[in-house]
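The two complexes that follow have chain A in common; it is paired with chain B in the first and with chain C in the second.
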Partner chain A sequence: MAMVFKKLLRNPVSLLGLVLLLGFVLVAIFAPVIAPTPERYKDDPYRIPRYGWRAAPSPPSPEHPLGLTHQQHDILYGLVWGTRTAFRVGITVTAATCLIGVIVGSVSGYIGGRFDEIVMRIADVFMSFPFLIAAIVVTTIWGRGLTQVMAAMIVFRWAGYARLMRGSVLQVKEEEFIAAARAAGVSDAKILMRHIIPNTIYPTLIQASMNIGSIVVSVASLSFLGFGAPEGYADWGQMISYARNWILGTPDNPLAYWYAVVYPGLAIVLFVLAWNLIGDAFRDIMDPKIQG
Partner chain B sequence: MTADKQFEDNGFTGDERPGEPLNEVDREDVLLEVKGLKKHFPILGGVFRRPVGWVKAVDGVDFYVKRGETFGLVGESGCGKTTTGRCIMQLEEPTAGTIRFNRDGQWINVDRKTIAGLRKDIQIIFQDPYSSLSPRMRVRDIIAEPLEAQGMKNRAERYARVEELMEAVGLSKSHMDRYPHEFSGGQRQRIGIARALALNPSLIICDEPVSALDVSIQAQVINLLEELQERYGLTYLFIAHDLSVVQHISDRVAVMYLGRIVEMADVDSLFENPRHPYTEALFSAIPVPDPDFKMEQIILEGDVPSPSNPPSGCHFHPRCRYATDICSRETPQLTRVDGKKDEVGSHYVSCHRYRELDLAGVSLRQGA
Partner chain C sequence: MLNYIIRRLLFLPIVLVAVTFFVFLTTAFLSPYQQLATHVKDPDELRRYAGNLDALVTKYGLDQPFYVRYWNWLKNLVRGDLGWSESANMSVVEALTKRLPATIELALFAVIPVIMGGVILGQTAAMNHNKPLDHGIRIFAIVGWSLPDFVFGLLFLMYFYGALRWFPPGRLSVWADQIVMSSSFVRYTGMNTIDAILNGEWQVFLDALRHLVGPVITLAYLWWAFILRITRSSMLDVLNKDHVRTARAKGLPERKVVTRHVRRNALIPVATVAGSMVIGLLGGVVIVETVFDFKGVGMLIAQGAQQLDYTLVLGTTLFFGLLMVLGNLVVDILYAVIDPRVRLE
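Up next is the complex of A and B:
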């Protein structure tokens, strides 16, 4: 693992990804320092402070370096605290889907036969729903909110990992060292934990690191559509959503409100880019079966 | 019923009786007996993945292995010899037949339920030293795994045993913390051997243990196996396709063709005086390191038939130059052709015409 990290550092592409990611991590950790919560919002720091009641965004100023978006929400504050939301959503959903996928996929592949057949057909059912529609239905039933959106994503996303995991398990379980472990009387649970999962989990981890970015995009799109974060909550999708009515600017100046669109968009793009670069490099390192 | 009595009942009385079928062998000196072993793999087809056919990888195999001997099982690729070994270890569940193991005079049926208690008695060495060791485990944990699985809870005790085993197979115990990819093929096979030895088994199934190695390394590993056999009183079921290796290491040999045993005999008797046309053809293919040596090469026509659709009668008849009508009609039984009782030298063959044929063998220990 240490070796993998060293290789990530040596590759310029993944280095850029790591630097970007590190930047986001620092922003998330030091959010209270970079964008201190005003006194009147102390009870809920994730609410984006408003500085007025005008609908149209206000341009960057010394007090508000990135400007104020729709209804005078502070862009900098929303982005900084939204980083925390992005990490929370991305990592929670990825960890949960990955964990479910790894367990279901490896058990299903290892047991095989009819059990495997049934589990994979169930996975097919979950994969056959268009994800956004499914998430919209779920949030309609459970109500609006980030937790609901995350739950919906977990429910409809584990199947991909299960598929991937099962594929590699089917391959590895035919290897002779598995037969050797069975001949030695090692229990099935231990064979899975000690032999199968360590030898099959890498493709799934690579997939997961690439997916963190796309999950953040999905949540942003749901927030944009009004199904995700509650009104006023620090979330990048919400910030884009605020910019929706102002994208075209004013009739005489189409770029009048550029800051309301560009900054939140940039945050999302860079975040997704960071994870994808790392995932790509991770895959390249893992591809020629690691030796060393 | 005493073992001896039963033995007599089964037809192994004192005098020579050619034509005796191979019956149950209930003797003290027999360690493993395999009777009517079959393993048929389904060929799945259609939407519902129903079996549309069966690959008869092992199709009625009888043999027995005596305590302390090396029993060679030879045959070409796909004849079912590896599957036979895996069935004994219950890595494949046999379709039919019985496997019995003699633990200190007590016969135990080897099946899915009893195998757990027999892992300390029967172990296996695999063919491919690259695939048989988990790439993400240290050597010490690979060798200690059977110990842990069989209830040796104390870690220090396990590792002490690992050190002992590594030295027994000629590896330096200072290499305990390395990963398999840091070793050569021969060393990796030694690790596999150490793992098989860990539980002090009495029978080791060697599934082509040297066929993946260079010739020079083969000799070292073979010598190691012989040395260990002497030191620990091991019995080997040695599966291989290399006839010279089998000839060198085995006391008795069985020849397999398309899921069945065609001939089984003491090694000298088999090589000097083969009684089955397939064995004869196989021996004529052994390369001899002597440019002046002329021997008739028997070239078998055609390919090995598919085990999913084997020929009728004797499986070998379409390629046999001695085949007659009966060969395609009736399945020959494995029959004792000479030797008394079950002495060394008793020779079993499954051929309708063994009485008439005079087949060529190979002079023993050529060049050795």
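Up next is the complex of A and C:
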């Protein structure tokens, strides 16, 4: 693992990704320093402060370096605290889906036979449904909110990991050291935990690291459509949906409100780009065959 | 080949029943009163029974056990009855038929550029392996893959509509809409471009085309990035194979080597991901239609969900499920056409 990390540092592409990611981590950690919460919002720092009642955005100024978006919500504040939201969403969903996928996939592959067949067909159903539409259905029934969106993601995203994990387990299962362990009387549960999972988990982990970006995009799209974060919550997708009302600008300056679209857009793109750059390099390192 | 298709078709009903079951399962989370909304045929009925909703619950058998309700629901479904949509103020089937042509039109215009563009970019990158062009295309791929469609769509609208006035949102300009709505204009398909050609209204055709540019590019670029990456790596793989070396050794011009011996083999991995592409495009349609105010099925479900119109959301989902099953079927058959080995499995 240490070697992989060294390679990631040496590759300029992944180095750029790591630097970007480090930047986002620092922004998330030091959010209260970079964008201090005004006194009247202290009880809920994730609420984006508003500075006035006008609907139209206000351009960047010394007090608000990135300007104010729809209904005078502070863009810098929303983006900085939204970084925390992005990490929370991305990591929670990835960890949960990965965990479910690893357990289901390895047990299914290890047991095999008809059980495996049934589990995999169920996984197929979950994988073949347009995820965004599934999430829309779930939020219609469970109600709007980030928690519901995350739950929907977990329900519909575990199957990919399960399938991947099962594939690797099927390969390792027939190895001699597993037969040896079984001959020595090691229990099935222990064989899975000690011998099979540690030897098969890496492809799944790589896949997971590559998916964090796309999860953040999916959640942002749902917030954009109005199913995710509640009104006024620091979330990048929500900030883009604020900007939606103001893409036309004023008659004499059609690009007057550019900052309301460009800054939140840039935050999402850079965040996803960071994960994709790392994921791409990671894949090349782990699987030299598809490199080049 | 025929055998393979028949086997796939026989499997279809099972998949369809599974899809309907999963969609119905979601209604189990609703209370009988909420479920009522998915059964009542028109608003008058609700008004007549106001204050006595329990009678309605009994009438539609919502107090029955799950499997009875499922069976009743399936029977309605087969009759083509998906219920009454509160937000669209018409039956769900009517709303779907009204909105469907727009989405089909969008999909038709998007699919060919998506596949052609992706394959050509991937091929160009592979042929220029490790040259500046290859690096340029790779950078495009990774940036494109990182740029969410709703961000791209808004930036596109801001510049090409807001600043330049080239590509407006919606499906038609007001003047074109008036022509389309007039009695002399025959609606053959509901797709503006095709109807305009059939009616000989070239100005309307151009206007419809102008409104399609933004949605199509927004749907396409993400998948260009995706397909080009796969095409590129599989082309590189195939380029090193023995049969390619033989083809070159016997003096075949490079262009023929690529079109005859490399591309066909390199397209196999592309075909395998086409299934997930169909799924992704269905999801993408929701975003793209919403951003560009393109009144199709994707926008219908998004708006229905915002107004908590369960009937509409479930009906549309079912419809999307159907589309996805059929899409996957087509992809599988295409896959078997490209790769003869699949048929023998």
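Annotations for the structure displayed:
One rule holds in what follows: the second predicted complex is superposed on the first by the 286 of 292 C-alpha atoms of A that agree within 3 Å, B and C clash if a C-alpha of one lies under 4 Å from a C-alpha of the other, contacts with A are read in each partner's own complex, and residues count from 1 in each chain.
Rule of thumb we're sticking to: contacts are C-beta pairs under 8 Å (C-beta built on N, C-alpha and C of every residue); 3 or more make two chains touch, one makes a residue touch a chain.
Everything numeric here is computed off the predicted structure, so don't read it as measured data.
Look at A:V137: by the touch rule set out above, it reaches chain C but stays clear of chain B. In the superposed model, A:Q207 makes contact with neither chain B nor chain C. Using the contact criterion defined above for the overlaid structures, shared-chain residue A:T69 touches neither chain B nor chain C, since it reaches no partner.
When the two structures are aligned on the shared chain, A:V261 is found in touch with chain C, with no touch to chain B. Once chain A of one complex is fitted onto chain A of the other, the partner contacts of A:I240 are limited to chain C, with no touch recorded for chain B. Once the two complexes are overlaid on the shared chain, A:S187 sits against chain B while remaining clear of chain C.
Of the two partners chain B and chain C, more chain A residues are in touch with C. Once the two complexes are overlaid on the shared chain, A:F177 sits against chain B while remaining clear of chain C. Once chain A of one complex is fitted onto chain A of the other, the partner contacts of A:T97 are absent, as it touches neither chain B nor chain C. Counting contacts by the rule stated earlier, no residue of chain A appears in both its interface with chain B and its interface with chain C.
Listing the residues of chain A that touch chain B in their complex gives 117, 175-177, 179-187, 190, 194-195, 198-199, 291.
Looking at the complex, you find that chain C touches chain A at residues 18-19, 22-23, 26-27, 29-30, 129-130, 142-143, 145-151, 154-155, 157-159, 161-163, 233, 236-237, 275, 279-280, 282-284, 286-287, 290-291, 301-302, 304-306, 308-310, 313-314, 317, 320-321, 324-325, 328.
Residue ranges on chain B touching chain A, taken from their complex, read 49, 86, 89, 91, 116, 119, 123-124, 126-128, 131-137, 145-146, 148-150, 181, 192, 195, 198-199. For chain A in complex with chain C, the touching residues are 125, 128-134, 136-142, 213, 217, 220-221, 224-227, 240, 243-244, 247-249, 254-255, 258, 261-262, 265, 268-269, 272-273, 276-277, 280, 290, 292.
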